[in-house]
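Take a look at these structures.
Below, chain A partners chain B and then partners chain C, in two separate complexes.
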Partner chain A sequence: MNLNWLDAFLISGLFSVVVIIGLALLLHLQLGLTRIANFGVVGFFGIGMYSFGVLFTKVDWPFGDLPAFLVSLAFGTLVAGLSGLLVGWLIADLDEDGVLVGTLGFATVVFILATTEQDLTGGALGLGGLKFPYDVGTVKADEFLWLIIVIIVVTLIFLYVWWVHRTPYGRLLIATGANEPLARSLGKATFRTKLWLFAVGSAGMGMIGALFGVMERFLAPENLGIDVTLAAMVALVIGGTARAWGAVIGGFLIFGFFDIIVQSYIPFPKAWYGQAIPNAKLIVEGLVLMGVLLFRPLGILGAMRRDKLMRRVHG
Partner chain B sequence: MVSEMQQATVTRPQIRVQNAVKSFSGRVVVDIDDLTLGDQPIEGLIGPNGAGKTTLMRMIMHSTPLDRGTITLFNANGGGDVVISNLPTHWMAPHGLVKSNQVIMDFDNLTILDSMLLAVSTAKYEQPHRIFDEKPLYDDNVERMHEYMEYFDLGDPMRIAGSAGEKKLLDIIRCLLLEPKFLMLDEPTAGLPEEITEKVVGLVRKLADEGTSVVIVEHDLNVIWNLCDDVHFMAEGSVVLRGSPEEIRQNSTVVEKYLGEGHV
Partner chain C sequence: MSETNGTPMLEVSGLRSGYHGVNVLKDITFDVGNEVFSVLGANGAGKTTLLATLARLITSTAGSITFLGNNVTRIPAFETAARGMGYVPQERGVFPDLTVMENLNVGGMIGERSREERIDEVVALFPDLGNLSNQIAGTLSGGESRMVACGRALMQDPVLLLLDEPTAGLSPLYVDMFFEKIAEIHQDKGVGIILAEQNATKALEVADRVMVLSLGEAFAVMDAANLTTDQLKEGYRI
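For the complex of A and B:
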């Protein structure tokens, strides 16, 4: 396959945008619908990535790469889901501040574990030995195929999240977020609802982490910085927390602009790409976030508009 | 005829509150030795502000936990007796016990239709993997919902309830859609226009005739005198008097503590 037309920066840029959108979509279910402000996104992302990576590289698999990859991916997803269940059980009945501190604390725990458990994770030196579960020729072709696979996964997540608004389950999530005592008085098991949503959402974040790890090929604690959480949060808030499209639009606007257009298409001097542009990116993200919160607090897409949705579904 | 009526009294759901105590920062708000609600189809609960009426109802729903005591629901959904003071709030509606709210409560973002669908929906529909259940849920319940919409002249249901009165009414409709066997109404007519109040009262009568036990807390005493078969008078955390509306409104203690001479 001739991929000369494709810029390597474009692949990595698009990949990071798609990963952020995937995380932001899962965050939309937790924060936008059920109003659980999960500030530990990177914790679940990271625990999935490392559980996957450790199992994949440390075990002497008796069978081929693809089954080994699938088993490890399932393991990473499961570990992230179980930690989501545990953290969710601890935070589900706390107020917003408690949820913030609890989830942020979990992300810190994961970061510290990745740094200190050197036998398993390689510590600050990192964990190498990850590879694509296939080989289609060049590295570029492998990466391109991986990008396509992750785009398909994130599209499926989007379709589910978009559709959930049109189901009784989605209505339950919105009601739980909007007025939990009232939902409870209508016979809704709100604690269980929040717990399972949190666990399943975290499992999804862990799976995305594992997919991200494959593309990185080398896992290091610096992948687990708060910037991952903030990227998902910023994308969602700018696009609109209450809308499924919010994650997509916010992700493309902010991260698409920097990671694709600035990286690949604007001929800044090479030296700028080391420090100046990443820092400028953080500054612009912060400014845009402040601007959006000041002038359009519900994000670009605005309020949920159940009235229009109901008319479309039952009209 | 007599045996039929006895039958009806036997199967009517009842709530028995025993040794129930609730205090807030040292002040005892509710202290009830033994109280049975639901002997009569419609019972009123009246008393001065701070008597503990709302707290008692919240204790029954377990949205306010008890300090101690036992509350039992007899003839719950399915016929059995359930000790509800051990159960979390979300188990009350499945057992047939439902309460409307004194303060205005609504889900922002959810339309009137959403609210009604939420009330009629059960856990069976609300699973993450049941992604094609919206239409069956709607189709199975659309007639029931339309009856209420037409009866109360709600207009377009695909909008968010606007006024306080509309939200209050929606709260009551949600309760009715749950098909309660034991219905508690906390100031149902406060903030409602008169013609809506009459419609609500009419529905409550109909429900009671069909076998639901109703308990009403209400400050509009005309509603109490006209609607209730029996009235409990509450003061300082316990029920001090019980009787027919006539007996209560002529009782000197009630007159002195609550009604004032003008109301006799």
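For the complex of A and C:
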């Protein structure tokens, strides 16, 4: 496959944006609909990534790469989902402060485990040996194909979120987030609802972590910084927490602008890419976030559900 | 104490509950049959606490609640609806981001009757809801919101409806309409009603029996017709 037309920066930039959008979509179900402020996104992302990576690289698989990859991916997703079940059980009845501390604490625990459990994770030195479950010729072609696969996965997540918005289950999530005691009085088992939502969302985050790990080919605790959680949260807040498209719009706007357009298409001097551009990126992201919160607190898309329905009623 | 006609739907005995270790309700005992049972009292008397405790949204610290012959003192809140108890809170009674129809649908997932049949009945009772069905509930007026909340509770086919000050803050027109509807719900649908109200005059017009709460204690439980102005004043601590 001739991929000379494709910039390597474009692949990595687009991949980062797609991963952030995937996490933001799952966070949208938790934060946007059900008002569970999960600040531990990177913890579930990380535990899925490391569970997958450890199993994939440390086990002497008797069969080929693809089955080994699929089994390891399922394992990483399962571990993240079970972690979500446990953390969700602990935080489901806590107030906002408790949820923040509980989820952030979980992310910290995962980071510490990744750093200290050297036999399993390689500790601060990292865990190598990850590879794509296929070989299509060149590294660039492998990465490009992996990008396409991850785009398909994130598109499926988007379709799931879009579907949830249109089902009684979605209305249950909105009702639970808006007024949990009222939802309970109407016969809704809100604790169970939040628990399963948290477990499924966490499993999805873990799966995305595993897919991210394959692209990196090397797992290190640096991948588990709070910036992953903040990226998903900022993308969602900027796009609009209440809308499925909010995660997509916010992800492209805030991260796509720098990671794709600036890095791939604007001919800045190479020396700037060391510190100047990453720092400028943080400043611009901060300014955009402040601007959105000041002038469009519901995000760029706002509460479009409400706006759209009002237009339908009043013309 | 006055007695219900026939077997009581709800029997409350020695009930205590409150918030953060402070008992707002102190040893409340009463029973309710298929009737309109009005709970009267001044601000802070414990009316909202009582109804929220019956709906199991607040955990009682002592006493028992028996509903349709079953002890429901410790069941989870979400089970009360399935057992036939509908609850309409005083404030924040609608889900603001859902439409009126979606709000009604959230309540219509219990029982076997079709949702459409229940919606038709609710719209027949509150015709305004038919015109508002696609409107987002967060944009409704106070009176419209109360209609949605009441209609949604009726979507559950309750046998006992707990109404927490349904007319508080409404215009006189809405107040009259709501009291007419309360009587209609009881007479036409055979639903027992516990009505917490400050508006004693209107509440006594529709109530069969009454309980006056005073600082968390059941000051008087009697037939509504027998309640005197002096008793009411004393209960309201006027």
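FYI, the second predicted complex is superposed on the first by the 304 of 315 C-alpha atoms of A that agree within 3 Å, B and C clash if a C-alpha of one lies under 4 Å from a C-alpha of the other, contacts with A are read in each partner's own complex, and residues count from 1 in each chain.
Definition applied: a contact is a pair of C-beta atoms (placed from the backbone, for glycine too) under 8 Å apart; a residue touches a chain by one contact, two chains touch by 3 or more.
Source: prediction; values computed, not measured.
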(message) Residues of chain A touched by chain B versus by chain C: which partner has the larger set?
(response) B
(message) So in the superposed three-chain picture, is A:W196 touching just chain B, just chain C, both, or none of them (first/second/both/neither)?
(response) first
(message) Once chain A of both complexes is superposed, is A:R166 in touch with chain B (first), chain C (second), both, or neither?
(response) first
(message) After the superposition on A, what does A:P62 contact: first (chain B), second (chain C), both or neither?
(response) neither
(request) Would you sort A:L182 into first (chain B), second (chain C), both or neither based on which partner it touches? (result) both
(request) Could you say whether A:P267 touches chain B, chain C, both of them, or neither, answering first, second, both or neither? (result) neither
(request) Could you list which residues of chain A make contact with chain B in one structure and with chain C in the other? (result) 168, 171-172, 174-175, 178-179, 181-190, 242, 303, 306, 310, 313
(request) Report the residues of chain A in contact with chain B in the complex, numbered from low to high. (result) 160, 163-164, 166-169, 171-172, 174-175, 178-179, 181-191, 193, 196-197, 200, 242, 303-304, 306-307, 310-311, 313-315
(message) Could you list, by residue number, the parts of chain C that touch chain A in their complex?
(response) 52, 55, 57, 76-82, 87, 89, 92-93, 95-99, 102, 105-107, 109-110, 134-136, 138-139, 152-153, 156
(request) Provide the residue numbers of chain A that touch chain C in the complex, in ascending order. (result) 168, 171-172, 174-175, 178-179, 181-190, 242, 303, 305-306, 309-310, 312-313
(request) Could you pull out which chain B residues touch chain A in their complex? (result) 61, 63, 88-94, 98-99, 101, 105-111, 113-114, 117-119, 121-123, 125-128, 130-134, 137-138, 157-160, 174, 178
